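Okay, so subunit A shows up in both of these, paired with subunit B first and subunit C after.
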Partner chain A sequence: MIKVSNLSFSYTGGGVPVLSDINLEFDQRTTAIIGQNGAGKTTFVKLLKGLLKATYGEILIGEYDVKMRTAAELARKIGLVFQNPNDQIFKRTVLDETMFGLLNIKMGRYTAEKLAVEALELVGLDDKLSMNPHDLSLSEKKLLCIASVVAMDTDIVIFDEPTIAQDHAGKEIIRRIIQKLKEKNKLVLTIIHDMDFVAENFDRTIVFNEGKVLLDGSTREVFSQKDVLEEANVEPPGITQLANRLGLKNTILTVDEFLHECAK
Partner chain B sequence: MKKIVVDHLKYKYPLGEELALQDISFQIEEGEFIGIIGKNSSGKSTLCQALVGLVPHFYKGAYGGKVIVDGLEVKTHTIAEISLKVGMVFQNPFTQVTGSKMTVYEEIAFGLENIGLPREEMRRRIHEVLKLMKIEHVKDRSPFDLSGGQMQRMAIASIIAMKPDVLVLDEPTSQLDPAGSEEVFQAIQDLSGQGITVIMAEHKMEKVAQYCNRVLLLHEGKLVDFAAPEKIFSRNDLETYGVAAPVYTRVCKALGMKKQGCDSYPVTLKDAELALRGSLG
Partner chain C sequence: MKSISLFVERESFVHGIDPITKLYYILFAIIIPIILPSFTISAICLGTSIILLIFAKVMRKTLPVYSFVFFVLITVVIIQGLFKPGNETVLLQLGPVAMYKEGLQFALTIVFRVTNIVSAFMILVLTTKPSDLVEALVRKGMSPRIGYVIVSVFQIIPEMMTTMSTIMDAQRSRGMETEGKLLVRIKAFIPLLGPVVLGSLINTKERAMALEVRGFNSRNPKTYLNEEKTYPNSRFIQAVMLVLTVCAVAWRMFL
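== the complex of A and B ==
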């Protein structure tokens, strides 16, 4: 669905590259992108979305060459939920905010409203349609941003740190949305620092470190490589560490797996 | 010595229909590191704001009961007076940034200028906190040109520079990667070790379990429990309050393995390892 070849990028003309020589292909597996702050994760997804243009290299989204397309054309293909909801929100009501993108791709008002309300139901904000988004709490604002992008029904959905400020219930909502998108064969790509959430929800994990891809594989493979992860300053999920310390042979990703292993 | 006394605190936002805080009472000793947990909208942020006086002075609304911080009654003192004793790091660093300063260095100076510190002392403190929060390399950047993580470090630095006796933090590491958040927790623990009283609202239960002396559990504006992390996270009704115990506690509970020599379950990686070692394998 996405093919990235020899991608490099720097914010200042000849400056230090934020990303260098990235080669990746994405299929429908739910994919987590992890790595330290400043590793280039957000820059990478902004390039995919066409908000930044590559210094070198090529990004293909389906048959589209991202460089040759406008952000408007890409909006039907790929959706990105910003890390900071204040960068995304600007309308006066929750419903208008969610309908904005849909109206922009020339959808009729009636259908747009229907899709927007459906998306808001998904995140549990359908009882706040006429509220001003700026009166929402930070966690609700993040859910609103997710709803606005999910409503667009793009084949590719990217989340930038969706679980920030979410409590247990909020994380469950996001977990359900990811599952739902997966069932619809959409590619879900998520930048995230919550390793327990990664272990429980993503098929594939990519570790970025200093602008390069350090590890790429199934989530279990990636979290089994303790030494390489240490190099990128990434800690495996708590349960994985506990299992490792207790000398369990297999790489454990969830509490259920752990209990199952103990029952053997 | 009791550093903070909250006595039958009740509070309602001006446009709210229900009490955001319902008859809350507790006491905190000097130098304690307290975690506040509970699901979203349970009153964590409101309680933090009541400790620094933004509730009721800034938000107004209906207020009952007493909050006394280091001998000062919050309701009868101005935010300016309270700010000399208590510092608060906001949940969203973006809302904390003044917007009136061009560089990170000046942004950190803002609070210090307001309390009228001598120039040399300001420079010394700014240097110290830039180093502590590891943001020396961005000191000349605009506060709005920072990454989320850097901005959050700056927000913490701005408050720590004021050397408050009591430090209130509302999810201070939400934007940081795991390594960065561990660093910040350790820095805050050091401050707590130096006698600063720390109160932190937080969703990262593993961190709360590891670092806090006591944990205050809120639900729908009410105080449910205030006790050691082991005791709070061993509660059987935790999920009804929308809180998941640390993964270590969940595993040990499922296996029925209590912490050695006590009646609660382990809450940290280390204790879980100790409890489970020997029983497995």
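== the complex of A and C ==
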């Protein structure tokens, strides 16, 4: 669904590249992008979204060449939930904020409102439709941002650190949304620091380090490469480390797997 | 963050002169040609400013300013040269259009005066950090409130520009066209105003509270974060300028 070839990018023309020579292909597998702060993850997804223009290289979204389209045209294909909700929210009410994208893609008011309310129900904000988004808590703001992007029903949905500031209930909501999108055969791409969440929810994991792809593979493969992960300053999930220390041979990703392995 | 200040960080003796002396220099560069309205004096003043700008290694930054100023002044030259009352001596005849010597001379004085003032201002603006200037003025007794207002203009405008591009990204990423034709841009710009202005009002309120918490309105004398810089030459330079001004006045009166 997405093909990235020889992608390089720097913010200052000719300065240090933030991303250099990235080659990746994305299919329907839910994919986590992990790596240290400053590794270039956010920059990478903004490039996919057409908000930044590549210095070198090419990005294809489906049949579209990102370079040839405006970000607005791409909005029907690919949705991005920003890392910082304050960068995304600018309407006066929760409902308006969620309807904004739907109205832009020429949906009728009635349908737009219906879809917006549905999306808000999904994140549990349907009782706050007329509130000012800036009066919500940080975790609610993030959920609102998720709702307003998910409502647009794009084939590709990108989350930038969705679990930050979420308590257990919030994370459960996000987990449910990701599962739901997966059932609808959408590509879910998520930048995330919560390794337990990665292990439990994502088929594929990509590790970014200093603007390069350090590891790419199924989540289990990636978390089995302890030494390489250390190089990128990434810690495998707690349960994976425990199993490893106990001397279990297989790479364990979840508590259930761990119990299963121990019972043998 | 982007900056709207034109300050250029360089190592030079002009950068090392204190902001107050530079302010006096502007005053000096304005009044000397008024006291002594001769052409030569204006040229000398302008020459001095340009030499200082060259020493400050900021000549390149002055070019856009000079080009703008000359663009404006060229119209003055043309209009005065063609139409100034009292034009007699024809200097240049192009078909029905005639350029006159008197008008050109008059226009040239204006050009020199304006360029002179602009150059003196550029010495201040290009070689002084705005916050240093404000701090120096507050030390001289300007109210810290006014100082704060000046400094915050330098902060708020770039901040608003950043907010603007952030919101535009949020709009684009949910399908609102913000690139392309002028009409599209204008249509995208109008809904921006609300959130940007509102956002900066909210920021202002928060900054005011932060200042209040740190005792901005306290009546006690304020201390400064930075140690007062000492500028060994400033007394000398100021004295020289004063003496020159007195000489100029004397020259005008007695010669």
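Assume the second predicted complex is superposed on the first by the 264 of 264 C-alpha atoms of A that agree within 3 Å, B and C clash if a C-alpha of one lies under 4 Å from a C-alpha of the other, contacts with A are read in each partner's own complex, and residues count from 1 in each chain.
Basically, a contact is a pair of C-beta atoms (placed from the backbone, for glycine too) under 8 Å apart; a residue touches a chain by one contact, two chains touch by 3 or more.
These figures come from a predicted structure and were not determined experimentally.
Using the contact criterion defined above for the overlaid structures, shared-chain residue A:Met195 touches subunit B, although it does not reach subunit C.
Contacts of A:Leu215 after superposition on the shared chain: neither subunit B nor subunit C is touched.
Of the two partner chains placed around the shared chain by superposition, subunit C is the only one that A:Thr70 touches, whereas subunit B remains out of contact.
In the overlay built on the shared chain, the residue A:Ile177 is in contact with neither subunit B nor subunit C. Contact with subunit C, but none with subunit B, is seen for A:Leu51 once the two complexes are overlaid on the shared chain.
When both complexes are overlaid on chain A, the residue A:Leu246 reaches subunit B alone and has no touch with subunit C. Touch criterion met: A:Gln88 reaches subunit C, while subunit B stays clear of it. In the superposition on chain A, contact of A:Asn104 is made with subunit C only, not with subunit B.
Subunit A uses no single residue to touch subunit B in one structure and subunit C in the other. In the complex of the two chains, the subunit A residues touching subunit C come out as 46, 49-51, 70-72, 75-76, 79-80, 82, 87-90, 100-101, 104-105, 134, 148-149, 152. Interface of subunit B with subunit A (complex): residues 38-41, 91-92, 94, 147-150, 171, 174-181, 203, 206, 239, 242-244, 246-248, 250-251, 254-255, 269, 272-273, 276-277, 280-281.
Against subunit B, in their complex, subunit A makes its touches with residues 35-38, 42, 83-84, 86, 137-140, 161, 164-170, 193, 195-196, 233-235, 237-239, 241-242, 245-248, 255, 258-259, 262.
For subunit C in complex with subunit A, the touching residues are 166-167, 169-180, 195, 202.
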